[in-house]
Amino acid sequence: MINRFENIIIQTISRLLIPPIQLYALYVIAHGHYSPGGGFQGGCILGASFILMVIAYDIKETKRMISEKINTIFISLGVIIYSGIGAVCLILGADYLDYGILNKIFSVSPAKARALGTFGVEIGVGITVMAVMVSIFLNLVSGGEHEEAQE
Amino acid sequence: MAEHSLILIIVIPLMASCFNILLGLFRRGFCYPLVIATLSLCVILSIFIMDGVINNGVIHYRLGGWAPPWGIEYVVDHLNAFVMTIISFISLFVAVYSKRSVEAELPGRTVYFYTVFLLLVTGLLGITVTGDVFNLYVFLEITSLAGYALIAIGRDKALLASFNYLIMGTIGACFYLLGVGYLYIATGSLNMADLGRLLPDLYHSKVVLVAFAFFAVGVAIKMALFPLHVWLPDAYTYAPSTVSALAASTMTKVGVYVMIRIMFTVFKPNFSAEMLPVTEILGWVASGAMIFGCILAIAQTDVKRMLSYILIAEVGYIVIGVSVTNRMGFTGALLHILFDAFMMACLFMVAGVVMHKTGKTSIHGFRQLHRRMPITMAAFTIAALSVIGVPPTAGFFSKWYLVLGAIYARKWIFAGMLLLSSLLAVVAFFRVIENIYFAPSCHAHDRVGQEGIVRDEAPLSMLVPLLTMAAGILILGFFSGKIVSAVIQFTVPEGF
Amino acid sequence: MKFFALIAVIVTGLLLIYGTMDMPDWGATDSPPNTHVSPRYIEKSIEETATPNVVTSLLADYRGYDTLGETTVIFTAGIVCILLLRRYR
Amino acid sequence: MEIISSIKPLLAVIVSLIAAFLILLTGERARNLREFWTILASVIKFTIVFSMVSPIREGKVIEYTVISISPGLSLQFRADALGILFALTASFLWIITSFYSIGYMRSLNERAQTRYFACFAIALSATMGVAFSANLFTTFLFYEIITLSTYPLVAHKETPEAIRGARIYLTYLLGTSIAFLLLAIFMTYTVAGTLDFSDNGILIDTTAMGVSDTFLTITFILFMAGIAKAAMMPLHSWLPAAMVAPTPVSALLHAVVVVKAGVFVVVKVVIHIFGIDLLTKLGLGTALAYFSSFTIIIASIIALKQDNLKRMLAFSTISQLSYIILGAALLKPSSMVGGIIHITNHAFSKITLFFCAGSIYVSAHKTEISQLSGIGKKMPWTMAAFFIGSLSMIGVPPTAGFISKWYLAVGSMEAKEIPILVVLLFSSVLNAAYFLPITYKAFFEKENHTDHHEEVKEIPVVVIPLVITAIISILVGIYPDYFLTLAKEVIR
Amino acid sequence: MDFIISKFNYWIYIVLMMIGFYAMISKSNLVKKLVGMNIFQTAIILFFISIGSKKGATIPIIQDSHVDAVNSALYMNPLPHVLMLTAIVVMVSTFGVAVALLIMIYRKYKTLEEDEILQILRNEKWPNTH
Amino acid sequence: MIWQLDIILLILVTACAIAAITVRDLLSSAILLGAYSFMMCLLWAEMGAVDVAFTEAAVGAGISTAFFIAAIHQTTRRTKD
């Protein structure tokens, strides 16, 4: 599946499918408060869309979309967002991850602030999960032979 | 502020590992200073926490501001603080030590290595801080994943060893998780303190008994207790020397810590000691570990492998101290956690230095090394004597408490086993020491050659942590009384 | 080897089954897990976190720290795969 | 009893540790400086020890607590009459041995001399530690350090047989001390709750507390088995094996420091742990006495058959050590005095004999007794000293050995143990049987043609020390009061 | 009979777990071990999920959000679900690492059978250097 | 929750599990594992754990299988047991 193999049907359908999949993934992340779903599921689906891209096209093509370096940044970005939100709560004077205190910033009720905090956290999770899934898959299929590998 | 340092000690290395990756994309050279700075901060924080615990008693921290049975709670008492301080100290020194050996053994991967290294430390610290059984599982998995990877990047058979470790470790974690599940179904709670309150009414429930059994087996796999140790020797032999030093000195200790927590906080001592013959079984298993570990250590020809088997025996020492369920034995076990961390770090560091300098760690590779690196070999000798338990090295003092604990419990056979395994350790270590200092010069030209061997001491970044460990071994023993009166006596569970 | 594995498996299985003897019935509403800690999440989720999906509020808020750990696990896995699989020249 | 708190015992221990450090630091680059450290340390050590003698003769005790580790476990020094006697002997002989070593090592051009001198200094340091220890823990600590620091000295030559000897040495000494001595210490601690030496023995009250006699007997047996340094049979084989070491090592360490540390600990255990009353009650003293008499006779008989001079001296040492144990085991004042004084007397005489053996090896490269015919004419000083040493071993007046044997004999009479008296007499005969022929051979037999003594010449640096020790062993015999007062102080 | 009906779910979960466990410890093919690991972990998750189920309850998403007092008996116990979400993540992470190791092992030994690898290791003296 | 449906699903799951560990082709094993995961996720959905079922559908049947197939593609399909 690394080798470029031209299959017009698969490629066309993938091209059609990937944007809705990604849109759906974002929906899953965003709508986690009201329906099943959340950062992890959404991140997985988002990652899966890139994996589909790798399968349908090839690695180089995918790399144009999301390069190794960007991906690595994403991997850590998610965790930084998550722990950063926790740290913000800490700085604002509450316990770690106590999102209720975020109402100092957003001027909403503590319960709503908690929902906001949850949302932020979910985004963080989603980013990390997506990036990690893509990264693992890329590493698995390519056997680690990336152009940036030599650094 | 003291309570916030509880979460900071976890979050700081965690965030540092993220920034480490980002930094590494641009400048690789920054990683090492970042790691050192982070871990130094951890050491400071852990001392701070220790100080807080000693002065103000147990520290509670509510994550997210939720009250304990609902939210996750951090509880740090003397025991946590003690283990946490050990881990942060040892990891700092191992990190200092790692510079040269990582550059030599893992060229080009330093960034990722240090990231995973930090994650490993994060996981270890996380295990020690938490007061929630499921949260403990999560951190256990962080530790394990980081551990698998760090072991896998070693040499020779490391990959297969790491895979076996992964399978065994997953079984252990799954058993632990099953234990959590069984406890949860019996009580509906995940908080350790809450469980401790709820469980005494349920001690006769079969669910709780099975839960205990699965906790015990799961944790025993993680800490490489004797019949379940099979993953350890290969893993620690072939791992990069830095990783061996860190893992040997901290990971098994954390396993023991978890065991103590489960046995005496989640379950109460009277359950572990009286309801089931747990302590009896643990005692026999541990004495098996001591004898078996030492005997197999004698049979090895590779020093790192020998040390791995010694480590198995050392785990046996600690567990036997716990198993006799009295104040002396428990004190000895905790002291041995501390001293053994120092000893193992020192020994594996020496093996790493030898690896770094000569490229091999077979016993014959140690021949006449005292000429090339006298200081390193002196450190090795000190640590070896400590493992044997010769005064005034630290190992004697922990063994003192352990044997007394066994005698007070009227378990003469365990006391005998402790002494016997010391004897076996003598044989194991003096094989190496003999090679280091008095290798028989079989060939005539050797005698000439020996004079020609130049002093080729390890680089300073390796030597400093090494000597710190050795000095610790020499000095700490004399302060064992102070350590006991300041910290350890408060960790002893009630009813001992 | 396979024989011993089988024995080990059977022993483990029997032990687990032995444990189920004292378990609350499957799906019982009055079992400890359903009465001790969890009702609060369901009852207070909307009030305290304004999130109808209790799983989400529990995941990211009440036990948000577990999820941080979970994210760290994923992060670790990602870094580990890069560390292991990349070929270094 | 008046107790003085003074840091002197610690200083006596530390000074040679510092010397060892300086020696290692100086290394091979400046040999004179390195050996200067040794000499300096030995002189300072002797001065410190000597300065403690007069208060102790007045019946005072010097104490110093270094660190208290936990209740009942502390690093504490306490210089009493018995300790000072041992320390004085060892530190004085170290000065002499230092000169002798320098001469010996230089003339043989031995290797790894830095290690040699450093280990020597550490061993002496540990000896002071044993001598001044105030509790069993301190004793055990330094006891082990003696073992470990002398191990490199035994393996010094690094030949396969040296390594084998060192291995036996270590197995016996470390093995027994961990397996038996440590266990005995643990047992003592469990029943007595302390390890501090006390005048009447710390176990004296334990029988009242319900500790069974069997337990105490087992503890005693473990103690005796654990102190392999005392070289009681059957745990004696390490001593002959250790004779592969260079002769100064055999001389000071295996005639004085190591073995005397062993018997010293035995005496300490008998007097300060169990106490004379308890041992009398349990009847263990007599048992030990017969056991040591057995060693005395058997070791002497084995010594008769030896041809290697140093091995013969080793077996003679084994036999003589048991005199000391015998003295302590008879549990009577006179026998105690005899045993304790024998620590000193035997030290001076035996070191003379070893020095002679070394001198013969350095000058003539002879190690076997059968090769010594006619050597007395070439090495008159050495062989004369040897003769004096032999007389002292046999116990002929006016040598030092006579004093101790006299007291031992009186003690055995007091204890009404006539068989012991017979043993003492018989062993003297045996001693004469294996020592006197050597002197006879050296002075009165004709040289063999195969042996070439022509170029043999005594080396002054080597000979002077042995002459000094020989003279001392006569002086001690003629004026025994100095040491006798100290020895009697122990019993008081 | 009641006893069996009320417990047989647990027993089937345990059987599933043991199938996975058996594969983990007895199979010599490394991939099969991983398959077993997956089965084992999934069965544990199943067990946990079943802890949280209540008869007559629905999914833990609160529909009538304007009602003040929510009756907790109407909704499934969400806590095991949350725990198992974490456990699934742990599972997939472990799996990812294991697969990475697997590929490395195959690269090195060209086989995935444990006994064959051990055979190779026995036959071949690995150089003691890295 | 209908226990008859429950038991059918459980039996299917068990069958899938046994098949996955006994089949002598790793690719089939992977696919069977995917089926196992998928049926597991049905079970969970049926027990009311929608979030978990969703996750398992995304992970177990999706990403895990993708990893698995990638791994088998990189290595071999052959197995002895």
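Here the chain labels run A, B, C, D, E and F in written order, and each chain numbers its own residues starting at 1.
By definition in this document, a contact is a pair of C-beta atoms (placed from the backbone, for glycine too) under 8 Å apart; a residue touches a chain by one contact, two chains touch by 3 or more.
All of these numbers come straight from a predicted model, not from anything done at the bench.
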Chains adjacent to chain A and to chain B under the stated definition are C, E
Contact steps required, at the very least, to link chain A with chain E come to 1
Overlap of the chain B and chain E neighbour lists contains A, C
Between A-C and B-D, more C-beta pairs in contact link A-C
Rounded to the nearest Å, the gap separating the Cα centres of chain C and chain F is 19
CA centroids of chain D and chain E: separation to the nearest Å works out as 69
Distance between the CA centroids of chain A and chain F (whole Å) is 25
Dist(centroid_CA(chain B), centroid_CA(chain C)) in Å evaluates to 27
Where chain F touches two or more other chains at once, the residues are 1, 50-51, 55, 59, 63, 67, 70-71, 74
Listed in rising order, chain A residues that touch 2 or more other chains are 34-36, 38, 40, 72, 75-76, 79, 83, 86, 96-97, 99, 129, 132, 136, 139-140, 143
Multi-chain touching residues of chain E, meaning two or more other chains, are 8-9, 15, 17, 21-22, 25, 50-53, 55, 57, 59-61, 79-81, 83, 85-86, 89-90, 92-94, 96-97, 99-104
Counting only contacts in the complex, chain E reaches chain C at residues 6-11, 14-15, 17-18, 21-22, 25-26, 50-57, 60-63, 65, 69-70, 72-73, 75, 77-83, 85-86, 89-90, 92-94, 96-97, 100-101, 103-104
Given the complex, residues on chain E that touch chain B span 17, 21, 24-25, 30, 33, 37, 40-41, 44, 47-48, 51, 79-80, 83, 86-87, 90, 93-94, 97-98, 101-102, 104-105, 108, 114, 117, 121, 126, 128-130
The residues of chain C that touch chain E in their complex are 1-2, 5-6, 8-10, 12-13, 16-17, 20-21, 23, 25-29, 31, 33-34, 37-43, 45-46, 52-55, 58-59, 63, 66-67, 69-70, 73-74, 76-78, 80-81, 84-85
The residues of chain A that touch chain C in their complex are 32-36, 38-40, 72, 75-76, 78-79, 82-83, 86, 96-97, 99, 109, 111-112, 114-115, 117-118, 121-122, 124-125, 128-129, 131-132, 135-136, 139-140, 143-146, 149-150
Chain E contacts chain A in the complex at 59, 61, 85, 89, 96, 99-100, 103, 107
